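What follows is a single structure, written as structure tokens, with notes after it.
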């Protein structure tokens, strides 16, 4: 009689397992379809590329931008004939904002959807968690928005197209000095609960010191904060000539707005988190003049960016944000590496494991002309990007139309 | 401390505190009547802001089901604010019907009600995201007409700027506090509401429709949530569907500090936490939240009824 | 409601002279109430005629308060009927029953401790809209209960037990009830105050209020009542004229010590 | 003050000038009395007179505002409830506080707590003496249920018991503590006259069988008069009379405050 | 089967850990205390394992020895236990919603600390945590014995003096005191046992997730586990185990259902993006219709009683 409870619980465990097993069989061999299938996506021999980004949770916005870029890439390259006639097919899995969600998405993509490679995940913290899974399974991963230190070092199969902050950040400080050579006092703000902002601010502060400038205060905030009155007045009291903000678009934009409303008139530099047009919806007209160093500029002159930008503009009625461009570039790297590989040995004949390994080697070796400009990879898998940009936000008076204007 | 800086931080504290206070007023109102924490309050706060935004005829983004949708009307801010808050109030009433009343009927453990309210919060937040995406939205720049962006409480040489919208919020919290206090302590219906709070059985014996008052309480509380959400959003934009959730946790600290169920306590608690945060030295600003919650923890151990709350005595 | 019923309910004199036999003000038929798993009331039949004082006698837990709570609709019967002025109120919500003219001064007084005496009394008149009449009634209560007048702005929780009991009764009267349910008005009160309260009950009766009284002090209650019911373990075991019950041997033995 | 000339040489419980106020309201006002071993001691008075407050002070649920309480010569005024229970004072509650969701058997077994010694590790691993203790406890509990006539309902949930049975179960639970002193708070409430008579008999039996001292609060005057050796009468928190039933019955103060004058 | 295990290996282990965390919340609940502190101890345990394995033990190449993982688990358990006692003694004087709020505050304070301290790696957290196994599914070697041990422990607990003391306090703390049971002692004991379990699971989890940061074990996590316990059942340990598993798996199950061929597009879309809406609805419906949770002791008892009576 004592066994009843144990037996029952064992039954429940079995039931739970069964539940997941059933759903797996239900989904059958047909792998996940994208939510926006391209014309050729139905064909069974399409090459699956995994997209593991956040579509839900509080980082959903970033993930949604990435997915938009990747989908444009899918259509663009399939329209151009795919890989020697074989189309690619994006398999999109939501990672949510959690580490576990990223791992689950990776697992599903690797074993169930049998993808050749993965683009993602959204957050660096998620990458630290999920990338080792791909590494162990020997599946290439391209980070499209992971900029924290140490990501490519996770393993041989991990690379990224998102330039790490250390490279991008200094450009904007130089641009600011070009606009106002008399800058002396600098106030620095950063979001201390955001891994990316935290490492970015380090780079900013080093750059400021290298330029012989004086950091008068470092103010911390959280990405979930909304009110910055205290930090802002603290900084303004010290009369800085330049304020550098490392944060995400919403909190950063809010901070800009409150700084301006409280009477700060000098130059503001925004970090990489400002690289999205959603910044305009936060600070509207008050964003005007903010400098942002970019890994991407919609104004970049090359053929592929022109097409990308036009497509994006047509579809979403606004300039493509950096995360979309980076996701596009990541898909492009896969496509072009697959094409190159296909020329050496027909990829449809390669077993999946070998294809993944070969693909990883190939993609690290190649050079790509992407909407980001020309990129290549270091042996460890970090991106080598030729062009960086400093843009100044230009917003019209009523705050409804904003764009990133290129500084050169 | 330099006097200008002191005044500046003091006013900053008041302005932060007034945001907490305006959030906490409706939050604590429910507790005072039903003795439960309504975790969905943060979600209704968010919802109010979205309603007002929509009523002003602004368009939504691209990532939800309602991509690019906009209402055909363009209401002025004040009107949209009232209507949007009223809509939030109605949603609050629906929430009461669906998630609270069945549990009350069963005389369920109040902790179950807390969990149910968490479920509601999850539904509302994700429904918003499902419908209009995770984008941030900002009210049009002319929301407050031609008022200056900030008001200087200092001199020209030693400015003490406070953002106008913060002053508005502070004013509105004080007005709401006054109206609520008057309504509850001076009017027949307020007194009836207090009777429902103190002893629903006695209240019903006096001919007071307790269910009706509970619905009314939810409406007022959710109306205030929507109002607060809109005002705060007009100050800091709507950063996304999770907007109110962070306030929910902080609001918890505020109302416990002030005294669960005490309406002046909500304002006092908000102001106290606002001031504490403002006076946390810049070097330790990262620990701001730890201060608030640390104080909450200690407060609970030392004086669980809060600054202005009443002590509950268990009858043996 | 027929015209004669309406007249009867509004004008006791009409009822007294023109309607025979008098329709009962309150009639309980085959009432069963369950509390948790326990049968608290079983097959209760009870009638209260207009103008009467009827008392319920019984041990603790016999179901006296439960009967009152069923009438004022604080609890739901499992089956049976409660008919008041000819209409079935078995499923009406509690606050509507007050509007129909039933006031309940509950067990343990249940004054609103955090509100003033005045607020308590005003809330007693919550269902009424004629403010002038309410004011007049308020003055009347202060006349009947001068101690309450002295303490009108004091919080009810600070009153002594006897004062709280007076407040509970006065508050119930503020709704101008046709039927007053009084639950243990002498509970925990000093004898002098008990007598005071019972003299008030007698006065009330003279003004035409019908009273259903639950009382621990059986002797006192039966002396003041017209009729009585004896409840034992949720059942009515005996009923009759109060004077007869007072002289009943069994009753004397069980309840009159 | 009450003349304490009845004090014998064998006190088990002693209250010395106990006071308790609740926010200005004096619930118990300078009450002193002594309960002798093996006595059945009645506590009567109108509702709100402070009887239950006194019980709560004896069992440690509330602390006296001032004054002292001695049990077998040792002060227990500020001991926490579980220590008082451990010392040998068990009680029932006016509003019945059974563990409603648990069976009658479980209710009684729980009260064997202080007579079980095996702790966490032994208990979990089932090392001796835990298993034999568990078996003994269960037997003891069943015996007690049998004693109060509930053994055939041992596995039913306590909340489903009728009122009178719940009172009986509470007594069985209190007895499981193997107390020296048993406090009964209105044990006859809700019982009909014949049940009340049975209860009197039962309490007397308990006293002799377990060598108990019983203190009881009861409203039903015939029962109290017939059962108790001595009776204390409280009114408005004050002790207005103390003595044997005959003394109390004729005490004019008691007649005025409680029994009512004819 | 191999494919299934490698796809769902991570999820299966997560489910077992979900069950364990459910139990850690269930333990204080056995004495009627709603504590939401478990995620705090979980986070603490994770940091202990992360710091020990990356900075103290530093095993260079190859697989990380399982012995060290077990050592980390023990250390995490001890530290959590000590902290549990220190927090529990003052906090458990509070009841109901007040205790819940106090524990929320405790978790938030821990979170802010871990976000700011150097040793916890700030916002980035600690990454590159070494692996004792090649594949996630192998973690079952650790978590299944842990779960079985916990379940056996709780099974026994519910049947001995100690468990009865817990139950008595849950049913009526005051009456329990009058029965000679020291409520403070047993409440702190139950709270501490829950803390230890959460800490131990955190230690495993740090390895399992490869990285550890301040986003682990937050208020949100409390809610998920609370939900799983309340809906699973609060009257027997089987409830939290079942609830923890189902609620951990639910998002993934919904995801898999969304992938089912032949579903209308809008439905698939809703299942995929609206998962959390469904989750929220389940919480509301669960609390209303199954206030004692899905698994109640009556499910087992009815049969048991009949047998022992015959």
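Worth pointing out:
Order of writing sets the chain letters: A, B, C, D and E. Residues in each chain are counted from 1.
We adopt the following convention: a residue touches a chain if its C-beta (ideal position, glycine included) is under 8 Å from a C-beta of that chain, and two chains touch if they have at least 3 such contacts.
Model, not experiment: these values are computed from the prediction.
Looking at subunit A and subunit C, the chains that touch each of them are B. A comparison of the D-E and B-C interfaces places the larger number of contacting C-beta pairs at D-E.
The chain with its C-alpha centre at the largest distance from the centre of subunit E is C. Centres computed as Cα averages put subunit C at a distance of 34 Å from subunit D. Here the spacing of subunit A and subunit E, counted between their Cα centres, is 32 Å. The geometric centre of subunit A is 72 Å away from that of subunit D, both derived from CA atoms. Touching of two or more other chains is recorded for no residue of subunit C. Multi-chain contact residues of subunit D, defined as those touching 2 or more other chains: 61, 93, 100. The set of subunit A residues that touch two or more partner chains comprises 56, 192.
Remark: subunit B residues 188, 191-192, 194-195, 198-199, 201-211, 310 touch subunit C in the complex. The part of subunit E that touches subunit B in the complex is made up of residues 34, 90-91, 93-94, 96-98, 100-102, 104-106, 108-109, 112-113, 115-116, 174, 219, 223, 226-227, 230, 270, 273-274, 276-277, 279-284, 286-288, 291. Taken together, the subunit E residues at the contact with subunit A in this complex read 3-4, 6-12, 14-15, 115-116, 122-125, 127-128, 131, 134-136, 151, 155, 209-211, 213-216, 236, 238, 241-242, 245-246, 249, 251-253, 255-257, 259-261, 265, 269, 272-273, 275-276, 295, 299-300, 303-304, 307-308.
Within the complex formed with subunit B, the residues of subunit C that make contact are 72-74, 93-96, 98-99, 103-104, 106, 110-115, 119, 122-124, 126-127, 171, 175.
Remark: subunit D residues 59-61, 80-83, 85-86, 90-91, 93, 97-102, 106, 109-114, 116, 118-120, 123-126, 130, 133-134, 137, 155, 173, 176-177 touch subunit E in the complex.
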